[in-house]
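To start, the structure under review is shown below, and the notes come after it.
Labels for the chains are A, B, C, D, E and F, by order of writing; each one numbers its residues from 1.
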């Protein structure tokens, strides 16, 4: 038994909406010991390649604070370079949010989503997607651009550990996973991103199906928490 | 009709094994107009974090030559930075190959896979995986380390264009795809990596299933071509 | 009247000690709307130039999260370079903490102080020093190295705005300051760092003396809050 | 006797014109085991410092693919920096091609020459010049800008090994050369670039003269092969 | 006794004005063995953030030539990065000069101050400020912009070594200083920058006062030398 | 007539040996308005790839100070990158000095040659070679390693301007040169490096011969000045 959780059980989830006063939108998302600060900032203008078409853009950045991990990780700004992992994750977050966006409703504006992991205990990229949606929602609503996001979006990790399919892996589980999978879905239960990776050995089609189901149920719960947090704010 | 191809038809595939004399393994893979030069080099020693455990490592690098794309792309070495896309792709290639590797059979050696795209017409990351396997196989066989790879690995892209599911998208198809998916599987038809992305709108579980089947059939053909190329060499 | 504050009055100050579970020490310091997350991590070993002498080292890093400022600031890791301001500030923080340290008590260990500004409303470098001390204290006490810090250390900004000497400037005040000064002192009221800068015109020796007194009184209050926070934890 | 070659004999030379379909011009040049892929791309516009004068520009980039050398060389894009050798070589290639160009015939366009060494066995910088000319010729002819290049240009290395003057050194010969020299000349037998370097000891004026003659004869042969390749295409 | 100097005695000071012919202003300042070449260049235009307001800007850059220090220091251009120390110092120099500038008199121009240390024997940042003023003065006078600088500016270091307060520390003294302080003042004896740092232990307010007095006397002498050098030129 | 100089006349040449006290060797070389500060530093140890063979190494670095050119040039350390021109030049200087060195006499030491151009008026790379030799000579003699350099080395530029062959071009002449050539020779009149470049149109073998003769005479004069400077010191 994983610290008293059922295999299909999420870690305790909390969303502190408007954690900061200055950004257009912000949320501190806690999922177990994982804590991600997500902010949304809306700037006039779009990247040059998009300009003049009356359409907006959404872009995301991600980082691990140095002390967020058990051992301290070097600060990317000090090394002068983002790691491959960081680059891969922030591309994923941006892509996920763009898939539910109406860029004409946004107009020629850029929505920046900054996801800074204050503490990392597994599942940070999925937590960043779930939090980024809430921050984006707040920022867009505040500026009267709420129609930009047609649906909500949330993500969760699933995986196989010691042969068992588990929902929402923490760091220890993730380190030993045989298969690792991240799934992002809309509030309407449609798929946005599926990434499944054999960490130790190739896997079967049946396993993929089982993991997808586990993820869908977890995302439904997160979507409910997102709705409640946005309404409460 | 896509340039006379059926929706479930691969582009013409050719594998010139031992295209170069100096690297341990090399292959020039052509898939339609996409051409990727894959080389495999085996070096003594492993990265520091792995050293002293009697196990090897596999790592991959990817690049687009500047003139490989229709318009010239800036050279990454001149800009002093690999793009996010490059970083994401080379992480994918390395992960895929590592999933079928027996690192104890490799011993404390590093297998470098360099995938340089000479001409890009869609599907370069999948072509790089398929080619990298052949280059790796040649290099390992030559150095008597053939047991390192337990199975072959190949990859293909699938996607939805104008509502139709298509196998092996070229650049024009890929640019207009609603859903974009890359699948890597072993010669034994087990999954190694699944990446599905909603490019324009979220998609259903059924569509994911259809695309997976289309990919599995395409990969079976590529795996056969790989086997034949390796035997012929 | 500055938002209801007297010229010699600090902004409301709060110290959430052990804000995170994983780092050796952590505190979320709020001073008005300025919020800085300070963590302390102790690693075995020292930089090469110091090694083999049985003495430890303290080093600090500072960053502004992109959305911490009113307008979004570019992420330094994405630009590949820390700004001159960042470099100057983190050198100041490290120097301040080192001035009260007994490096033989620390032994051949490195104490990393990470000061990440979640929200910036003036005075972030001083807040980082005050917070870094508390995080360091917690980390050292936990690992039985409490003797490393002989005294506490805190810092505050003072300045001249519209001819009036003010304590603890917020962002708006700081932007219009004629003279800007940062002072760091120990719990025992001795000076550690004095930096006074003419922002608009050279200033007199008398003004310097007045500002030093204002700072000393403010630091006394912060030192009391630090003591209480450490005892409470 | 060097692998059955006379001292004044070139290695077998082959020029596969239009090796790729997408770039404006491309050639795969093989000279012994040295293989260089040269492409030419013509873009509208010129660098800012030249703009508005009705004149074009030619610029070259060079790289060694990592596995092109016997031992794998680090990828420059991954290191984030081009080596001094790369910088020196690509400046040489650009300068050589510019010396035979009529920039008014080119108009406000930039001709990019990319020379990527797929396999390196000595003489890559000279091979890159010879190949770049053919790629440029093809690209310019295709776009009706053939008058840009008034003459052809080719280059070859010569050197002194064990006291003997040799034409077209391979890697092993080059590594032991006492004097190393690269010469670029036009089809009309005029000099474009002469670079002679004492690798082990200073050399006499007479030796310089002998090497220049050896080079001139070699370049005549390469120029003939270039003419034939261009006509054949 | 420090090499025959009284505690309140400056090292021999020499200012070779117009050391170079090409820059708008230049001076080679020698203070003991410390030698700094300061040049001033006036360019049309200002940084983008300032443009269109009819006001100018002053910015400074500083470097240590590699062989200026006893042991050779790595060249920052070769490492691809300015050190934290360099960044901190050039910010200080720019700030000091800006504090006495009338940017409307300068107009939309940028005054670049380059301070390159040819030989370093302590006090280089202060010497750079004193020299930069003279170079700036020459450049501005030559271009008829003399009203830009309302007053002169000079700087000196003071410190405590073995318990004694000393003026103008050389390298050996600086390395062993308990308190290190840099002071910049105008010709009119007003303060521009005060930076005092506890290098070994916190210090008292009385000590700060003593050091300030010592600095003020030293700066008066330097200001006289500056006046004489400017008049003589 | 070029500012009263004959076509085969050098600009006034001055060598201030031991311009600095701290480096092992230093010289300020003036050739017309071109001024280069060359220093030589000898460090114990060699680069890793050479270590353990009892042989030394010589390496050179070159830079233009920002204000050395007529218009200010950006500082390479601030841009974070050495220009292609800088890289090319410092490779040339190192190669030239190494060609007359006996690395066994040097032992496992590295001789660093730093050539910093204080003022640039053409011919800086050749002046750097001539100056670097003198600095190296001084450093080696001082440390009892004089046998390292078997002969002296000097360099000069020659070129064709308006059809006339000229020795020692200044900046204005160099900018309009049709052919540009740099020659380095030993005190014993043997060649070390020859670089001839067609700047505007290809040139004949006869012209090359004429320029070589002009250079040889100029170098003889510089070699005499070097000898005298070394003896005088």
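Throughout what follows, contacts are C-beta pairs under 8 Å (C-beta built on N, C-alpha and C of every residue); 3 or more make two chains touch, one makes a residue touch a chain.
Keep in mind that this is a model prediction, so the values were computed, not measured.
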{"item": "If a chain touches subunit A and subunit C alike, it appears here", "value": "none"}
{"item": "Reaching subunit D from subunit C through chains that touch each other, fewest steps", "value": "3"}
{"item": "Fewest touching-chain hops separating subunit B from subunit C", "value": "2"}
{"item": "Same or different residue numbers at the subunit C/subunit E copy interface, by half rule", "value": "same"}
{"item": "Angle (degrees, nearest 5) of the CA superposition of subunit A onto subunit E", "value": "120"}
{"item": "Whole-Å gap separating subunit A and subunit F, where each centre is the average of the chain's CA atoms", "value": "58"}
{"item": "Subunit E and subunit F, separation of their C-alpha mean positions in angstrom", "value": "32"}
{"item": "Computed distance of Cα centres, subunit F from subunit C, in Å", "value": "50"}
{"item": "Residue list for subunit F, restricted to those that touch at least two other chains", "value": "80-81"}
{"item": "Chain contact topology (line, ring, star, complete or other)", "value": "ring"}
{"item": "Going round from subunit D, first to subunit F: chain order", "value": "D, F, E, C, A, B"}
{"item": "Residue numbers on subunit C that touch subunit E, as the complex places them", "value": "81, 84-85, 87-88, 90-91, 95, 99-100, 151, 185-186, 188, 190-205, 208, 212"}
{"item": "Subunit B-touching residues of subunit D, taken from the complex the two chains share", "value": "20-23, 26, 33, 35, 37, 39-41, 43, 61, 63, 65-72, 75-78, 80-82, 86, 112, 114, 116, 118-121"}
